Amino acid sequence: MRRLKEKAIHLILFLTAISSVFLILGIFALLLTEGLKTFRDVSVMSFLFGIRWNPEAYGQPSYGILSMVFSTFLVTSCAIIIAGPLGVAVAAYISEGAPHKARDIIKGAIEILAGIPSVAIGFVGIVLVGPLITKVFGISGLSGLNGGILLAIMALPTIISVSEDSLRAVPKSYKEASFALGASKWETLTKTVLPAAFSGICAGVVLGIGRAIGETMTVLMVTGNSLSIPKSIFDPLRTMTATIALELGEVAKGTTHYYAIFGIGAILFIISLATNLIAEHISIKMRVKVE
Amino acid sequence: MRKTLLWVACLTIFIAGCTRKESSVIRIKGSDTEVNLVQRLAEGFMEKNPKLSIAVTGGGSGVGISALINSETDIANSSRLMKEEELKKAKENGINPIATVFGLDRLAIIINSSLMIGSLTIETLGKIYRGEITNYKELGGADLAIILYGRTSASGTYLYFRETAVKGDYSPNMKQMIGTSQIVEAVKRDPGGIGYVGIGYLKSAEGIKEIKIAKDKDSPYISPLEKGYPLERKLYQYTNGEPSSNIASFISFELSEEGQRIVAEEGFYPVQ
Amino acid sequence: MKKIKEWFGFFLLKASAILILGIVVLLLLFIGIQGAKVINLEFLFSFPKEGMTSGGIFPAVFGTVALTLITTFFSIPFGIGAAIYLSEYAKEGRLVSFIRASIRNLAGVPSIVYGLFGVALFVQSLNLGASILASGLTLGLLTLPWVIAVSEEAIKSVPKSFREGALALGATKWQTTRLVLRYATPGILTGAILGLSRAAGETAPILFTGVCFWLPKLPGSIFDQFMALPYHLYILSTQHYDLEKVRPIAFGTAFVLVSFVFGLNLIALIIRTRLRKDYG
């Protein structure tokens, strides 16, 4: 009896744990089966490489996702160009330069930043960043730049915390050796510690990229959502996530448009999976190297 | 033991919550042009019928119609008629959409108030929105790029304006706004901005001005605030079959004198 | 020369850190100052009036609280169960590392993709309709990986000697686990609350699974639609017909939303520090 109970508990716990596997496979399977149905009416080439997304067209509908894929990568690059160097600098400061108190304050602030809901950041983008951009650049505030700035803010906590972890993981002996050779603190940081932690920092940046690509509400609220291929970051643009958020509600189940939206979802899922796996791969390699 | 009791209590509440009772809630979903108006109508209706409850959601006409087709709403607000494929889809799902007109809307074309353009023909408007005219100097104005503002394809206004004025695909450079009020906000801030909005949105807006529109070259230019404006359309509510019980009494409130007064107060036009 | 470079380098690092601090302070002050102007009890506990241009945000507050509770109801049992299995029962092997990989990757899936999944599975296939239940389930899935990760850490932090002692006294595996759980409770609670705070701020997953523009009454059952703080902020800043007029209310909503999320975080923090003191 007792053994039966133990076994039952073991089984239940196992099932709860394995449910995560089913969940991720389930999400993928669902996105894939629904998404693949797009290709009953649309060719793979014109879906992936078509420039125009116009499912509710006046004439012939078109389902090309290239411009929104490009837009997604454009805002994401803008975000990473801002957040990458900034994040690494802050991580270097907390792990190498900062006094204890300053470190605690900054870490607390970063935790707060990570906790602010994306819709609140989007709101700030509308009422604060947008008008500011108009003032400085003389362009409409609803543009890729606004989205890039906000995504940078949202990607910072990820980049900082992962980079800081990997800077911390650099063995003390490295630094001691560098000091012993007469290197200054700055030289030790730039020539020894940062290179040693390089792959970990890369992992952080890759995770930050994944976070920026998947973010919905902020970009939806501030990028202007126009469908053309942006010529520069100052143009309005529409990302993949924003397209799903804008159009999922209007489509009737079973239409090509419906399936195409799931197709976009499947691509987002694959990208997020890929960024995670790349980041993991990089940090595993780093661990091996350090050991 | 205490913990078990707690869980049992939670579970009971949970299961109690699960019992789907015959709902006295009317679900309304759809057009953003109509959402604020319908919300005010619902407020007025519930003052008189405190037992009934109405849930109003926006998202666009397309959102409402697809919700009606999927039986996720009782009333679909729509600022356009249903498309044929939508009607077909509804039939397949055993839904019989019936439209009621409860107000009229005029689609105002707005520009930043610093611009010197005062009137346009529908044909020119079409050229602007198709992306064939891209600078105000082609219209006799200053040398300034035209920035197009419009709605997303979920919006009935998007489709109505396309069918009546654009008569082609929108320029892909058009910024697609989530809500109509965002168009007002953007045009206010953007010196080169032009946008289309339901007339209700003119009520409280500064920094923008509406343009007089003519049907064609030979017709008079008419302001959206005057009779005979060419971009006038009906505001629909779709129900599954003829409205009955609670839904019917809400719709008849909308069409009553009091309901139509609210329609006018919100900046729309009553049904004659 | 070398000294200047040294000084300048560290100055840059320090400046970046100050910049980040500045951004956080600016964000909080910006929302805080404008928001605090409209916050009072009436704002928190009354319904929106006159087309949302006046009145309060009570249904949105209620909706968010109810939604987070429903989310917990689903994510906590599963999350803790999985954490117990992974830390106490599992033997490291291919299957377990596959489970772990799944959990890590689930944490990275964009929230809008959870929304898509929720629409297809809960709203349509399981026919729950757009409802607070469908939204709660969707958010439950979204928070699951976070709850598992933090709970597992909490369970693992219980010293090994506890388990060895209990087993030596002849306790069964489950009895031992229950003992371990008792000591890991504060840590697990922290994880649960952090998961909740994440759920409370999410907008994208609830957009199509049940959230509503305006409700005159509170949802009466879990099959009703609901209003929620993040969505309320979203419509007040993009879709309302008079954006200027409702801006103060939008600030108030943002303030309440951010405070709610931080309140949960603060509780988690307090539990965590007390835990540290107890076992430190």
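A, B and C label the chains in the order they appear, each numbered from 1.
By definition in this document, a contact is a pair of C-beta atoms (placed from the backbone, for glycine too) under 8 Å apart; a residue touches a chain by one contact, two chains touch by 3 or more.
The shown structure was predicted, so the numbers you read here are calculated from the model rather than taken from an experiment.
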{"item": "Topology of the chain contact graph, where touching chains are joined (line, ring, star, complete, other)", "value": "complete"}
{"item": "Reference subunit A; chain at largest CA-centroid distance", "value": "B"}
{"item": "Which two chains share the largest set of C-beta contact pairs", "value": "A-C"}
{"item": "Distance from the mean Cα position of subunit B to that of subunit A, given in whole angstrom", "value": "34"}
{"item": "Gap in Å, rounded to a whole number, between the CA centres of subunit C and subunit A", "value": "18"}
{"item": "Shared-contact residues (touching 2 or more other chains) in subunit B", "value": "59, 70, 177-178"}
{"item": "Multi-partner residues of subunit C (at least 2 other chains)", "value": "124, 238"}
{"item": "Touching two or more other chains - residues of subunit A", "value": "221, 249, 253"}
{"item": "Of subunit A, residues touching subunit C in the complex", "value": "2, 5-6, 9-10, 12-21, 23-27, 30-31, 34, 86, 89-90, 92-94, 96-98, 102, 105-106, 109-113, 115-124, 126-128, 153, 156, 160, 184-186, 189-190, 207, 210-211, 213-217, 221, 241, 244-245, 248-249, 253, 261-262, 265, 268-269, 272-273, 275-277, 280"}
{"item": "Residues of subunit B defined as touching subunit A within the complex", "value": "59-60, 62-63, 65-66, 69-70, 85-86, 89, 147, 152-154, 158-159, 162, 166-169, 171-178, 186, 189-190, 193"}
{"item": "Of all residues in subunit C, those that touch subunit A in their complex", "value": "2, 5-6, 9-10, 12-14, 16-17, 19-21, 23-25, 27-28, 30-31, 77-78, 81-82, 84-86, 89-90, 98-99, 102-106, 108-117, 119-121, 124, 141, 144-145, 148, 172-174, 197, 200-204, 207-208, 230-231, 233-234, 237-238, 247, 250, 254, 257-258, 261-262, 265"}
{"item": "Parts of subunit B lying in touch with subunit C, wherever the complex brings them together", "value": "10, 14, 17-21, 23, 25, 27, 32, 35-36, 39-40, 42-43, 46, 53-59, 67, 70, 72, 177-182, 184-185, 200-201, 203-204, 266"}
{"item": "Subunit B partner contacts - residues on subunit A that touch it in the complex", "value": "52, 54-59, 67, 131, 134, 140-142, 220-221, 224-228, 236, 238, 246-247, 249-255"}
